């Protein structure tokens, strides 16, 4: 019936990303050949950099953690028809809030850790709430507001650290151990990688996102508003409220991503000289993952793995890490162009039959 | 080891002296450095550090990538894995370039007691014991002394009696540049006006240029910068003005920035530069370590005395007599007659003592 | 007699379906030729083939005896074929003139010569009696006017053959009369016309011959002189069709809906309701007739809470519901089959199942403590699909991929099933074929017989007259008169809708 | 400082900072007016900056002197147009989600340019060009009181070029057949199709124009401001240009206004540190002022969005 879906059905669902990755890798190999590198050595080094030992695996998982959360943030907003380019800023304020609570409050871990994460989530939510509110109330395009809010977050966070929280080294003090996600056990298990318990938080966040969207009435509303505001309004939903809520939840995920950096990877916050890039990666992660929770999880593994592996590739094969950025871009391109892949698959199938 | 630390008694704390390791055959010795975000071509300390390693390698006939290498960090969260990767691949000496590496290097040092690490521009303390780490050598510079001399030059050369300073991001380190410079200006010319503004970024040339534009427009004729990549905005502005026959100058930082100021093929707006020879420090520490004298647990402070700090050799644009005057002040600093301030408080004190 | 257009044995396939299966259509010079068929029979497809939007798999097209290949609309234009599409092809924020000249702009030194263009538009519009304002923006003019622009587009390009795809579905009776006049005028000037419509009466009154297709296959061409409505319907559906709506007299009871002196602005911020009063009773179908733009859409928005009432009150079962949220209104017992099913009625990217609970998803059993019960939702959907004969592969199919008729049935299923005390049906049969219309009318009457109040808003006087018990005429934001359906006729209604007064015959409205 | 002095400082600075955004914003305008959302403006600027610098360096080396820079601008625009085909093919032929493809474009541009920089220069940034576009006082005009110091002193030729281009684009978009067709394709592609307009061809042209303008914006930034290229030359300017496009309601004059507004707010925040009254304000407030002001300004423009209706949707013949 639905002429938009190719007769391939389920099979193409997972084949498309796999083929996209394959294409990306192959084109990447050509680029390496053209510029005088040995792609086989390079890819072996890349794989080593991801899988060869527990240390690299630990680092991969660690770098996935903020990516997952940033991806969820983008995906969640996207589901309600909003493009959140403000993950970067929401992450920064979430980081700051989590570190502040982590350092300034004295509580037993059972309370302190969740409180610190919550602080990050709330700060991020606030930062997402503003563009949501402006969109709902004044019809201001969320893309502009989120871009602006990124810069505001950056400068304000730096100013707050400098004015109130500064210790030598251009950073805040360390958080108390009761707020820390770091784990000696995980570190020793992975040969001193910086793996921390944040990845559990990220996975829980995936489940939460899935649950909210597909299992709750609120999620039904959010998706409805995302697809058709008029019909949602007609059906008695509070369109504006849902828009604001969606941006706040989205910002909340991003804020938790910041909390993971503050409570897990670093244990403090530095004065930032620019954006971390995690927020922009999050857009790609979300879209690559088709804005689903499981998709975000998998695509952040791809991103995190490639980025961590790229370091080894640079060290062992001398291939600049930028090559991996190119490969990632190509993969996104091929996933986006799934129509082309479907078309090719259909051709192959027709020939085959 | 470099003699300075002992001469000036600068070696702070630390219950150890030089770690007496085994001397390594040159061909087996490996040394690596991790750059911060700038990379080895930032025209600043990452670049000079790398030049130091290259010079060291060439002197002892070592091979790049086998014996000496660098890893560039793309973001702050890569500092630690980059350092660790070098340590894990049994590099004999690992440099972390830049004060931002403090925490990363501390963590790696704690986890790898046998590693030999060094950090530039920072003193890393154990936060619980307040002691230095045995396996970290701390390389710092007396930027305020060099900046003082830059201030002297500026004060002597200014015609409007107005000079300026553009900083990157306000911090303890950059403060040393600012305060030293101001002290130098005031020492020569207590009446000079000094404009100070921070870009709040090390790579925003547009903002830096606009700041320079504002300062020059208000009559400032010499501006000193400690703003990394942003500083290029200063040179752009100065050149724009110089081409329109305005008489303005810029003072470079970290290395001789004469080239950055070139316009009309053979002229340069760079009056002088405050050079900070990270390369000398890096090469020295590498050599010592190769010879089995890793200066772990020490603070190596480089200053005017070992020529690691000073003003550049390009003197084309200096007026007659300025060089002599600068040398005069250098001698006073070396002899201890002048103590150059490094913080705002010390500066206040310095001014009241004038 | 020579044919201007001959489409012989045209076959057009879409993935999984043959939309046109060896269809033949021959158009004579100077005739109005009807193309008739159920929803999805393949009429639009056939015309799109003629207009060059689709390429047929098989078959030949001849224009004035010459075999041609129409590869894109440009070719069609050059051959003198113009098409007025089922869904208007107008750029809303362009002016009338800009829409007409698009792709064929007169220029002066590289710049569009808009003055010259507007003059030309004016000239053509006067020639054929299609009055338009060349400088008005499309979004600011009425649907009827927009249609005239569509016609002007084809005439501007010198079309000799005009295709009209369901042009009357969106028009008021007056506008339809006017359109038929225009078509006749065009034909008298030597043009030839293919007209797609579901309204047999229009065919009988304006067409010369009629080609009928059913499920993609050509059934045949008849001369209208020799045909009757019943015969055409039978050809189209393949069985006898019952036109007269059979219903017992209404038994009105208590007032369910009451509006008092309601004043409201429209989306264009002009006063649309001007102190309107209305009472609708349980057990009756209350028809609302009026020329589009006289406030009927706003009246519905006022009841359902979709737009703010400025003055006056609305009561449902004696309880005031003025300016309650749409949710509150719906919970108080109002069902609403909206006028625009794509914009308001459905979330096209939701499954049909999810659409079936669009207002009730948050209530038991579909959800409990904020958690959805998917099982219950889809169980419900399955029942409704069965009961209301919604043709869909499954309840998980996206609403988007259903045909318009089936989408409409789904909406009606959802609204009627909630069993509201007061059901609003706005244009419930627009664009549907006679079979589907029949089913929907039966539903509305069944609701009435259950003792519900039904408000039927329709631009089709036939529908209003056949289905309603009482009919209110709305004009300029007020109800000007209320008549018994059995005691009035099209002529009288038409007069009232144009702002005229009914001759006093003793009694006034009920 | 008196007001005139402040204005003489701030206005030229605003123009200077705004011009790259204007050019890139015009690029975005072409593609979005034709219905293709272009979030890849950042990447196009990166490509433009890279090509602008590398070409200038090469031409300088071959002894072309001052002309090098101008030729480089042209070549940057051409390369940008070609590079944007990546986005065009994905979103037109392959029906990709335009946001996704734009994001991919950004990643790709950064990856390729830095990778090539490493290959060519063996380091992370290029050399500095010699022949930047320098400032000049326009003869005669700069002596006009009031206006002279604001608009004709310390001016860059590229700024005048940009303003001229704004007018040209305005004329093209609103007064020529090409413009009418372009807009129709972005508003109602199917209508355009039935009028015999080749929708996909129009969209390809529009995206390539957006590539040319986007890259030109990046190149102008590189040859007036940075003087060299590295991975951090373009950081966020493309997104600001996107913001200017939306703020300017997809109208060339609006884009100009919005970009100058950004430039002005930024210039004020920088110069503010030395304006007597403003220098008392904590620096962070000046730093965030441009962004906060933008948001506030947007709140004043309540009303319906002017976004082209069909933007973001692939055009598939026969669907609706």
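Think of it as A, B, C and D in the order they're written, each chain with its own count starting at 1.
Here is the rule we go by: a residue touches a chain if its C-beta (ideal position, glycine included) is under 8 Å from a C-beta of that chain, and two chains touch if they have at least 3 such contacts.
Since the model is a prediction, treat every value here as computed from it, not as a measurement.
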Report summary line: Leading the contact tally is the pair A-D
Report task. Taking each chain's centre as the mean of its C-alpha atoms, give the chain farthest from chain A. Result -> C
Requested in this report: Using mean C-alpha positions as chain centres, tell me how far chain A is from chain D in Å, no decimals.
Outcome: 28
Query raised in the report: What whole-Å value do you get for the distance between chain A and chain C if each is reduced to the mean of its CA atoms?
Result: 46
Query raised in the report: Using mean CA coordinates as chain centres, what's the chain B-chain C distance in Å?
Result: 77
**Report entry** chain A and chain B, separation of their C-alpha mean positions in angstrom
**Finding:** 37
Query raised in the report: By residue number and range, which residues of chain A touch two or more other chains?
Result: 155, 158, 274
Report summary line: Residues of chain B that touch at least two other chains are 72, 200, 203
Report summary line: chain C residues touching 2+ other chains are none
**Report entry** Full enumeration of touching chain pairs
**Finding:** A-B, A-C, A-D, B-D, C-D
Report task. Within their complex, state which residues of chain D touch chain A. Result -> 86, 90-91, 93-97, 99-101, 103-108, 110-112, 114-115, 118-119, 231-232, 235-236, 239-240, 242-243, 246-247, 282-284, 287-288, 290-292, 294-295, 298-299, 301-305
**Report entry** In the complex with chain D, residue positions of chain A that touch it
**Finding:** 31, 35, 83, 85, 134, 138-141, 143-145, 147-152, 155-156, 158-159, 274-275, 280, 283-284, 287-288, 320, 322-326, 328-330, 332-333, 335-340
Query raised in the report: In their complex, what parts of chain B are in touch with chain D?
Result: 39-42, 72, 195, 197-198, 200, 203, 205-207, 209-211, 213-215, 217-218, 229, 232-233, 236, 239-240, 243-244, 259-260, 262, 265
Report task. Going by the contact rule at the top, pick out the chain D residues touching chain C in the complex. Result -> 171, 175-177, 180-181, 183-184, 187-188, 190-197, 309, 317-318, 320
Query raised in the report: Which positions of chain A touch chain B when the two form their complex?
Result: 55, 59, 63, 155, 158, 162, 168-171, 174, 192-194, 261, 265-268, 270-274, 276-277, 308, 311-312, 314-315, 318, 321
